[in-house]
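Paired with chain B in one complex and with chain C in the other, chain A is shared by the two complexes that follow.
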Partner chain A sequence: MAFVKLNDLEIEVEDGTNVVEAARQHGIEVPHYCYHQGLSRPANCRMCLVEPHVFFPPAGAIVPDRQLATGCTTVLRTAPPDRKLDGKYDFIVRTDSERVKKARADILEFLLVHHPLDCPVCDQAGECDLQDYSHRHGHDKSRYLEVKNVPPKKDLGPDVLLYATRCVVCTRCIRFADEVSGTGELGLVHRGSHDEIDIPRSHEGVPLQVLDNKLAGNVVDICPVGALISKDFLFKSRPWFLEKANSVCSGCSVGCNITVEYKADGVYRLKPRFHEDINQHWMCDDGRLGYHYVNSDDRLQLPLKRVDDALTPTHWADALATITEKLSEIETEDIVVIGSAQGTNEDNYVLQQFAHDVLKTTQLGLFGHLPGEAHKFPQFTIEADKNPNTAGARTILGSTNGNTVLEGDALWEKVSSAKVVYLVSGAPERPLEDAEKAALESVDFLIVQDVLPSEVTQFADVVLPGTTFAEKDGTFTNSTGWVQRIRKTIDPPGEARVDWEITQQLAKQLGGEMNYHFAGEIALEIAENVPGYADATHQKIGDAGIKLADSTQ
Partner chain B sequence: MVEERRILYEHLDVPDINTFDVFRQYDGYTRFEKAITEYQPDDIAKMVMDSGLKGRGGAGFSTGLKWSFVPRDIKPCYLCCNADESEPGTFSNRYVLEKNPHLLIEGILICCYAMGIETTYVYIRGEFTLGKKMLDAAIKEAYEKGYLGKDIRGTGLNIDIYTHPGAGAYICGEETGLIESLEGKRGQPRNKPPFPAVEGVFGKPTVVQNVETLCNLPFIVGNGVEWYTQMGPTYADTRANPPTPDPNTGTKLYCISGDVNEPGVYELDLGLTCSELIEVAGGLRGEEVKAVIPGGSSAPILTHYELDTRLDFTSLTLAKSMLGSGGIIVMNETRNIVDCLLNIMKFYAHESCGQCTPCRWGTPWVRDIVQRIADGDGRKSTMTRPKFGVAENGRWGDTGETEEIYEDLDLLESVANNIANVDTMTWNTICVFGIAVSWPAVSYLRKFRPEFEAAIREGKLVTLPVAEATVPPEENYAYQQRFIPKEFADL
Partner chain C sequence: MSDELIQIETPFAFNEENQREFDALIGRYPVKEAAMLPTLHLAQRQAGYITPAVMKYVAEQLEVSVMKVKDVVTFYPMFFEEPVGEYVIRVCHTLPCALRDCKGVLDHLKTKLDTDVAAETNLAKGTTPDGKFTLMKVECLASCDVAPVIMVNDDLHKNLTPEKIDEIIDNL
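Take a look at the complex of A and B:
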């Protein structure tokens, strides 16, 4: 630990921490653009200048160093005993001296000379570092009278636009493409004040390579100004109108920590949230842009019932009554209950309890997206398993009450001999393979709980409208054994209900004794009954998640 | 009358000196042979340290000291010869490359032997096509004669030289910019520390030396330290306590251009005055000296009051200027300083690499302000303010008079100082390009302010008589003094 005097504070920081981080840990802002925790440090924005103090022998005193130093590259380390300042400090640094304040204001003046004053139409306004720092550290007026550079707006890739006029050339995006995604599509063209970020182009300006890697969206997040803009979010909303909730991406089994940004009418965007062991600062575009089905107009809003070979909207009482009637006349061994790898641990827990307590069946299955492609990047991985909770669902469905959980061919074999199947899907746009189709077609009475009409619902006799990750509370367990929370953001559309509530309602109608009020209550039961999940209560999981003791499960 | 002392350039005009055989006739490679037969590597390093040789590239940093920073236990270690001579007004390396390339190879060999280096990269300015051709031919010859390659002269030394042409960027003459460019990246300077001596080419310790510095080595080895230190003055460095010797030994290749009768490269002892140098170069062309740029275009300008300044590293530093690359540009009374500054600023605005904020957007801004003044569109306020200058006590203060406010001159000085502050000698940029921009801008403005004011007042470029155009040095000196904090003013 290094003992550092930071302004008037005496602080202890770990060796190797830089001044920007040390200050941030103690609530002091050192403004910066080019520095990003997850990337290398070129120190080219010069915004994080701080004032180190050194011993000056002729004066016999500790004085401000002649040069200001960049906080991002000034690393704090324990000094040898004879190099301690004032006998005890390993480092003395000020982030609030007049010299530092002047330097910041001067740098901001330079950053703004070519920057357009288009904040009113800029997507970044409200979450823009240039705006914020200008307010906090900048001059109040511009002295620049000359002609501004107006480089053209550029289309970099499927989801990324470059408003080059706004760019401060911090090169975060270039370093991201070089270091994290390893794809290196971005670079600087021209020189000096004409520096521009660009993709490789021919002399005629035809792109030779576009920014279309699976992590491309991250460059929009790390851009400190409104230069890199997501086409998906462009002109959709002002960021200050958006509510934010910490959640987990449901796109694959990595379980990237995300912030869901939403308004009452739907989810607007997903942004990655830092988690040291899972996704660091990043998320992939499949996850980032994979939320659109939540807002879809096609969402199932009412229960559907098959009348004369067509699925017809009905009301909950009718749908549940139909199911109850059917279930009560069927033998236990003819019923198969299939949980979902898209559902939360809570959904699946209630489902297995329903199967065990009410239906008395031990025939459970697990359904979800088909495996997709895995992608490996130098500092990021996208898993092939496109379900967020395969590990959790498997454990929860199977580990208690002596259940066996069937998957794949074994499951469909079982389904083809069953009379009633209760299938919780929640996987949007899930195509069915031939064997699956045949199995589902042969089922006498198929209950499907899903969020969107799909190939699965086509075979259903009753369809129950469930909810997506954005509409419910709960927990997901990722492929490495991290249990993390998702949070309800928007209300489910129409009469759709949270999946475990539907199951509980069914259970109640069939005489079960289930009375959960909220997801956290179920999590307490899981903690009590599921091996390994003893700590997985919502309070303990919090925003950071907890890692299961036995990661192999 | 001062005579030239030709050492590096002694045999420059000998026909075919660029060939091995002729070079050999004039003691070629004997100094290297002396080095490997009579001295251990550490002896050479000590000789260079004792000789007081200062790097001739611009910064004037002690070569021996630089070598001492190189960790000896990390191999490979590289030598990078900086032949990217691109400072406006400098053209001395070019003659060595074109006419006497074997001298450079011999210098490289001695340096490699002293530092245990096996690989040398010579980064040659792209425009020096002839220089590169000559050097490549000389290297080929040296390989054939067994002075390069494996097991040189049976000593077991392995030394290779590779030449690498630049692509025309001024910033690649900055040592870390050069290294980046050499590694195949964009020519953008690195943050220091780590310095190249610790982490340079391909992350290994690297000695970066100018062509002229390396060419001095054969003579230091051949003639001895004592002979070498006789040339040029040695001062006492009073910043250290107790004062240490501050040698300015050896000769320097002064590139004299501008308004002199015989412009060219002159090899002279360090420590001659400006006036003496103008004499050597055939005297002034014109009536009187208006200004002298002492060390390439980035050096602060000297006025006719300062012609007695000795042109060596220490004296020019004390005169708040620098010897830099030794590119001396003399201007006579017909030159307009605003126009000169515009010319220089156009160059720097074009050559800024654009890596860090202040330089990227500050240099074109400075250029644009000067352009506006030169175009006659400079702004002047209708208000007046108290005039600050040399007060009665001889220090900077309120003179009791009022002055007109020239907004654009204030702006020019402020913007230039925000890139790099010339008074405190601090820069907010990554490399010293920042100070290379603000030094000329601020020094031209302060020393020739009447001409800038005239351009704004008259709405066009006005060349004033020398006496009228120049600000007396006392006033400038007092102006500089005001920035020294009270507690250090007396140290």
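Take a look at the complex of A and C:
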């Protein structure tokens, strides 16, 4: 640990921490553009200048160093005993001296020399480091009277636009493409004040390569200004009107930490949230842009019931009555209950409880297997399993009550001999194989709980409208054994309901004694009953998640 | 994305002689990327100017992204991304040459060659229709003691007067 005098504070920081981070840890802002925790540090924006103090022998005193230093590359370390300042400090640095303040304001004035005054129409307005730092550290006017550079707006890739006029050439995006995605599509063209970010193009402007790697969206997040813009979010909403909730991406089994940004009428965008052991600062574009189905007009909003060979909207009471009637006349061994790797641990827990307590069956299945492509980048991995909770669902469904959880061929074999199947899906895009279709077709009475019409719902006799990750609270367990929370953001559409609530309602109809009020209550019971999940209460999981003791879970 | 990716119809490759030269120079650098400038000069000498095919080839040879090559090509004014004349005439217009009337030199060349001065991103502007000359302004050629100076391809000409310029051009 280094003992540092930071302004008037005496602080201890880990060796190797830079001044920007040390200050941040103590609530002091050192403004910066080019520096990003997840990237290398070129120290080119000069915004993070701080004032180190050194011992000056002629004066026999500690004085401000002759030059200011960049806080991002000034690393704090324990000094040898004979190099301590004032006999005790490893480093003395000020971030608030008049010299520092003037340097910041002047640098900012330079950075704004060519910047347009288009904040009113800029997507970044409200979450822009240029705006924020101008407000906190800048001058209130520019002295620049010359003609501004007006580089053209450029299309960089499927989801990324460059408003080159707004760029401060911090090169975060270039370093991201070089270091994290390793795809190297971005670079600087021209020279000096004409520097522009671009993809490689011919002289006529035709691209040789576009920014289409699966991590491309991250450059929009790390752009400190409104230069790199997501086409998906462009002009959709002013960012300050968006509500935010910490959640977890449901796009694959990595379980990237995200922030869901939403308004009452739907989800507007997903942004990655830092988690050191899972996704660092990043997420992939499949996840980032994969939320659109939540807002789809096709979402199931009412229960459906098969009448004369067609699925017809009905009300909950009727749908539940139809199911109850059917279930009460069927032998236990003819019923198969299938949980979902898209569902939360809580959904699956209630489901297996329902199977065990009410239906008295131990025949459970897991509707998982949503394979896709895995992608490996130098500093990021996308998993092939496109379900967020395969690990959790498998454990929860099978861990208690002596259940056996069938998957794959064994499951479909079982299904083809069953009379009633209650299938919770939530993976509407999952294509069915022929054998699976045949199995579902042969089922006498198929209950499907899903969020959108799908290949599975086609075979259903009753369809119950469930909810997506954005509409419920709960937990997912990722492929490396991290249990993490998702949070309810928007209300489910129409009369769709949270999946475990539907199961509980069914249980009640059939005389079960289930009575959960909220997901956290179910998690408490999971903690009590499921091996390995003792710490997996919502309170303990919080925003950081917890790692299961046995990571093979 | 509205733009289509460029299709490279005629791939570029070093000829035998340049390949030998490339093999020799690559050994002089600790990492391949460091050989970027000499490799580009070599390629430009062969191809005339840096086409997308050249950039792609150089990137492959040096095991870097195409963007890294493009970055360097647009940074240095000595690399051309469009066809230039057989003779590239570079007129120094930095301070000592400016004090020794480089503007007169430039005007004389403009009249004599009947062409405008090239812009960095529009070399055609300074290229004669017969494709013989490209006239451009450059920064310091490091010969201030003999200003004003011009370079015609790789040759430096010093202490210029209109007569000297006529002689140089007429002898080409």
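In this text, the second predicted complex is superposed on the first by the 551 of 553 C-alpha atoms of A that agree within 3 Å, B and C clash if a C-alpha of one lies under 4 Å from a C-alpha of the other, contacts with A are read in each partner's own complex, and residues count from 1 in each chain.
To be clear about the criterion, a contact is a pair of C-beta atoms (placed from the backbone, for glycine too) under 8 Å apart; a residue touches a chain by one contact, two chains touch by 3 or more.
Please read all numbers here as calculations on a predicted model, not as lab measurements.
In the superposition on chain A, A:Asn515 makes contact with neither chain B nor chain C. In the superposed model, A:Val210 lies in contact with chain C only, and not with chain B. In the superposition on chain A, contact of A:Gln539 is made with neither chain B nor chain C.
For chain A, the partner touching the most residues, choosing from chain B and chain C, is B. Contacts of A:Pro158 after superposition on the shared chain: chain C is touched, whereas chain B is not.
Once chain A of one complex is fitted onto chain A of the other, the partner contacts of A:Leu188 extend to both chain B and chain C.
Judged by the touch definition given at the top, the superposed model places A:Arg66 against chain B, while chain C stays out of reach. Taken together, the two structures place residues 188, 190-191 of chain A in contact with chain B in one case and with chain C in the other.
Within the complex formed with chain C, the residues of chain A that make contact are 155, 157-158, 178, 183-191, 198-203, 205-210, 212.
The touching residues of chain B, when paired with chain A in their complex, are 169, 186, 191, 241, 349-358, 360-365, 368-369, 372, 411, 414-415, 418, 424-430, 487-488, 491.
Interface residues of chain C facing chain A in the complex, by the touch rule stated above, are 1-6, 51-52, 55-56, 64-71, 74-75, 81-82, 121. Chain contact summary for the complex, chain A toward chain B: residues 42-47, 49, 57-59, 66-68, 70, 73, 103, 106-107, 109-111, 113-114, 143-147, 168-169, 188, 190-195.
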